[in-house]
Amino acid sequence: MPQPLVGKIQYDRVKGTPVARPRRTALEQAYVVEVVKGLGVTMRHFFKNTKSMFRGERPDAVKDPLSEGITTLAYPEQKKVYPPRFRGVHRLTLRNDGSPRCVACLCCSTACPAQCIYIEAGEYPDGDNRRGYERYPVKFVIDELRCIFCGYCVEACPCDAIRMDTGRHAVPYDSREQFIYGKAMLMSLESADGKQLAENPRHEPPDPTHPGIDRLKGAH
Amino acid sequence: MPSIKLDGQDIPFEKGDTIIRAAARQGIEIPHYCWHPGLSVAANCRMCLVEIDPMQNRRQIVLDVLQWDAAKGDYVPGKKPKLEPACQAECIEGMVVKSDTSPHVALARKNVQEFLLLNHPVDCPICDQAGECKLQDYWLSDQKTAKRMRDEVVHKPKAVEFGDTIVYDAERCIVCTRCVRFMEEVAKDPVLDKRERGNLGEIVLAQGRKLEGHYTMMTDHVCPVGALTTKDFRFKARVWFLRKAQTVCPGCATGCNAWLDYDPRTGEVPRLRPRDNEAVNKYWMCDDGILTHRRVNEDRVLHGYLGRGTKRERVNPGQALTAAAKLIKGGNVAIVLSAQHSTEDNFALAQLGRALGVSELYLSRLKDWDGDDILRDNDHNPNVRGAQQAAGDLKLRPLSELSGAKVVLALGGIADVDDETVLALAEAKIVTIASNHGPLTLNADVLLPAASWAETHGTFVNRQALEQEFHAGARPSGESLPGWDIVSRLARTLGQAIGFTRYADVRAAMGPRNTTPNAAPPPADAAPPAPAE
Amino acid sequence: MSPVLVSILGSAIKIAIAVGFSLNLGGLLTWLERRQMAMMQDRIGPHRADIKLGGKKFTFAGLLHPAADAVKFFFKEDFVPPNADKLLHSLAPMLALFPPLVLMGVVPMFDTVCPESLRNNLWHEIPRFGTCAMASTAKQLGPISGQVVDINVGILYVFALAGMGIVGATIAGWSSDNKFSLLGGLRAASQLVSYEVAMGISIVGAMMVYGSLRLDEMARWQGENTWGIWVQPLGFILFLTAAIAETKRTPFDLPEGESEIVAGYLVEYSGFKFAMFYTGEYIEIVISSALVTALYLGGYNIPFLHRDGITLSLGDDILWHKGLPHLVVILLQLGTFLGKVTVLCWAQIFIRWTLPRFRYDQLMKLGWRMLLPACLVNVFLTGIALLAFDRSSPATHDTFQVIGDALNWVVLAGMVFFPLWLVWGMFTPSSFISRRNELRGRRSAAAAAAVATEEASAH
């Protein structure tokens, strides 16, 4: 039986070191001098920047975005260079035969803090060449509007089947439905350098190098 | 009571108990795969090995072993006690057993675990057992090492169909033979067997046979790993998304205890699992019982409707209630209880009948089905006794005897009625409170959506007159409400308040439950005769 | 030309200059403010609105944005809240816009013009001292003053009309039927009333020195002696502070206070009514700049430029004299005045984008417990100084004359040097600290240090 906490807690006096009050000189209190100093700072920026605009000597906003001076990007014409590990819109990687690598294990949707991934698992029919993949996503839907681009799905994926290396940022659309990316859409996307396969190919059951799924084909 | 000492704790036991069973009674789990409380002992998985201290008149077996000495950088000779399987060693008064406290046991478990996982495909992401798999649990509690074998694992058949309900994956199988023993000992149909030895071992079907009968799906539930999976649940959900609620199978009068696994996000109920109850179903359920989860999402009445056939239109529940009240006020009402609904629903309806001045009630029910001696009762209805309790002093007659009523107020859509009764009923105006579509909803003039048994609290009274409570899992789907709630709302609309606004009100009016099983057959006059075939 | 026609024509031209200048500069300030603050904050500012001329796009450095804004304001819905007072809601923007506009009427933009002297010769020069001959006959042309209206209580008229600004903001806040608006209106009322007092008294010192209430005489005094900022430095700061507070702009923008009360009394205004408030605010900047110019920064005067031309002097010594035609002098003075006002507007924008907003209690404290006593002290000190000056010897007077001229020299030097400095600065290439190079340098320095320690340890 948990005891009620009321009346049991001993509240200690809050301990801490007192914060030193700022000491201001009379000149600072007068405010006028400080105002002039502040104006000096803004004026320095103003004249420097105005001159650089006139002379066309602005620092390169794309290459050196942290430089002094005006580093504003003229967005549609200039674009920021995304770092190589930038997390963009998702893509589903493909196997060599063009089917998705995804095995619909739902690890990504389990890891997803925004719960934006919906998957329905299925089996390839008997006799299908891909029967050995066992499980594949019949539906794979990501609500890109709900996604927070944390990349947990990529981390969670045991098959390298979902990646965020498209280099595309979330695109604005004019209706909510357009943000809901289906399986076909996700499979059609490419990585920033134009790849659709994953980086680490592996033996697939129909592959001649695969040891086989049948006991009789095994090497033992 | 005699007792043994397990890890310093006193464990009482009954004569004939094994160590693992005595521990399990006390809620202590000794890691195991092949042992199952309801099956015979096979002792083939070697996971439950324990160290038993030497006793009087019992010679301790000590083995010579080579142990790695890190300081010397070489193996040195050493000794270790011979461990015994806890599932097979019988308890003896004063026995001192070490399980979690023995380093030898810990090493043994670790090695057994590594051995079992040697050829395992480790395809947990696509395995339905993941999340409730003993291989995973014991890896985490007893192994925690990476795989050391660098060879290609042994490949065995995958996705083999064992019949219409079960799929077998030999690579995941640890050949514990629980399924083999279940089919032989419980289902009395020895259709499964094991072939080959060691890493080639696998479960096979008897020549020319399929896994069939009423108890195939239990093989999935006894399987400690993901080797056997039901087609019904295969790839439907990941178990960590599911929540469980205590429920009772609505399939027959046995009233098997079960876990209702539901998805709290969507309200779907993808499966039912047996819940242990020595008094009723022990550890088992039949296939049809397990499949009753389909009733939660199939053929549901989710909204209020008015009119028959093509004239049927959807209305909101308030309108449906008003229309029902208008019909009932017309007089000459026949009230039909349901053997498929909970006692609470029936009780509320019977109370309404009393308020309306009805002298006799009718009961709708399913026809008997093929019962057996294992679990299945001949009575296909979960709650005939509950309906009788609810009727109390009022006379309860079968539905086929209903005639001449102007208005019929029926609970439950599922019932077996013959054509004559359907025709007779169709002449009257019918108000049906139902969760699922059936013959009684077909001609209903007013259809009120009731919550399914999985979505409400309630009670079923089984063949032993045991009143078993079940709990709500998912929230009521659509616009449905619990049956007793609809009845009491209807009563309020009619101006006949029966005083129920909460589930607790109904329970309070009904009195305490009978929780003592009564094995005696029901009194002959209480059960209305089943409709003739 | 008949004298009546000339005086009417003169007034029309003055009105055109005054109204045209304040309205246009007000519009231009909307652009200037945005570009200037962008430059202060290392951004570019509006520069994308373009117009196609002959298949080419021109943006005119963003100057089309005010035009685009105006078009937008015209076509926006004129929204009035359902429970608002319709009449007052419509009246408020007018009350906010027109008082500042008519204020410009009493500010002298140039020295008195003598049209009679120009009748025969447009390049006629007139003497430095003495005003024009009054119209003795009906046929002679009378003098035209540098103000639109030449009233002898000029500065009181200014205060009277500046007080109207309170009414506009307050009834805007009250009539909008909005809590934020009401709060904004109340803040505006109390703030403006408080600073009105300080503003009125801050100028008393200047009036005592100049010995007049007429703005044209004040300007003339500054031309003959030295700029008001030198004789009334404290008064200048106090008046500038109060004037900025009267324009309701940062750091005194509590009536709007976006982060506290959304936009204060402006919340329920849109479309052209909002544009009127907006324009009124910018015109107030222009007017306050004009008043500061006229009262303290020499009005239309350039040092050593007098009615007869340029006379460089120090005390009684005349160093150099060059006569200039009357018309040229007048035009130079007009240009000077407009230039000074523009520069002061620019400076006010600097103040706005540099200082953070006061808290309300700080605002009130500053108004009543700092500015007001300081103003009274200023009046007191000025009185003592004037008494002492009046009783001092003629030699002291001469000394002060020399000091005044010396200060004029300083101002002139500044007026020449500063633009030259700007132009010279334009020819030197700009340099920025590149973050990239800095990091690279730091990395190589660290590498060099590592090598050095390695070598040291190896020895």
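Just so it is clear, A, B and C label the chains in written order, and each chain counts residues from 1 on its own.
Please note the rule applied: a residue touches a chain if its C-beta (ideal position, glycine included) is under 8 Å from a C-beta of that chain, and two chains touch if they have at least 3 such contacts.
This is a predicted model, so every value here is computed, not measured.
Closest chain to the protein centre (all Cα atoms averaged), using per-chain Cα means: A.
Using the average of C-alpha coordinates as each chain's centre, B ends up farthest from chain C. Here A-B and A-C were compared by C-beta pairs in contact; the pair with more is A-C. Centre-to-centre separation of chain B and chain C, using mean CA positions: 86 Å. Centroids built from CA atoms put chain B at 43 Å from chain A.
In terms of their C-alpha centroids, the spacing between chain A and chain C amounts to 51 Å. Residues 123, 125-126, 152, 154-159, 170, 200, 234-236, 238, 240-241, 265 of chain B are the ones that touch chain A when the two sit in their complex. Residues of chain A that touch chain B in their complex: 103-107, 110, 115, 121-123, 131-132, 134-135, 158-159, 211-215, 217-220.
Chain C makes touch with chain A in their complex at residues 36, 39-44, 237, 350-351, 353-355, 422, 425-426, 429-430, 432-436.
By the touch criterion given at the top, residues 32, 35, 38-39, 41-43, 45-55, 57, 59, 63-72, 74 of chain A touch chain C in their complex.
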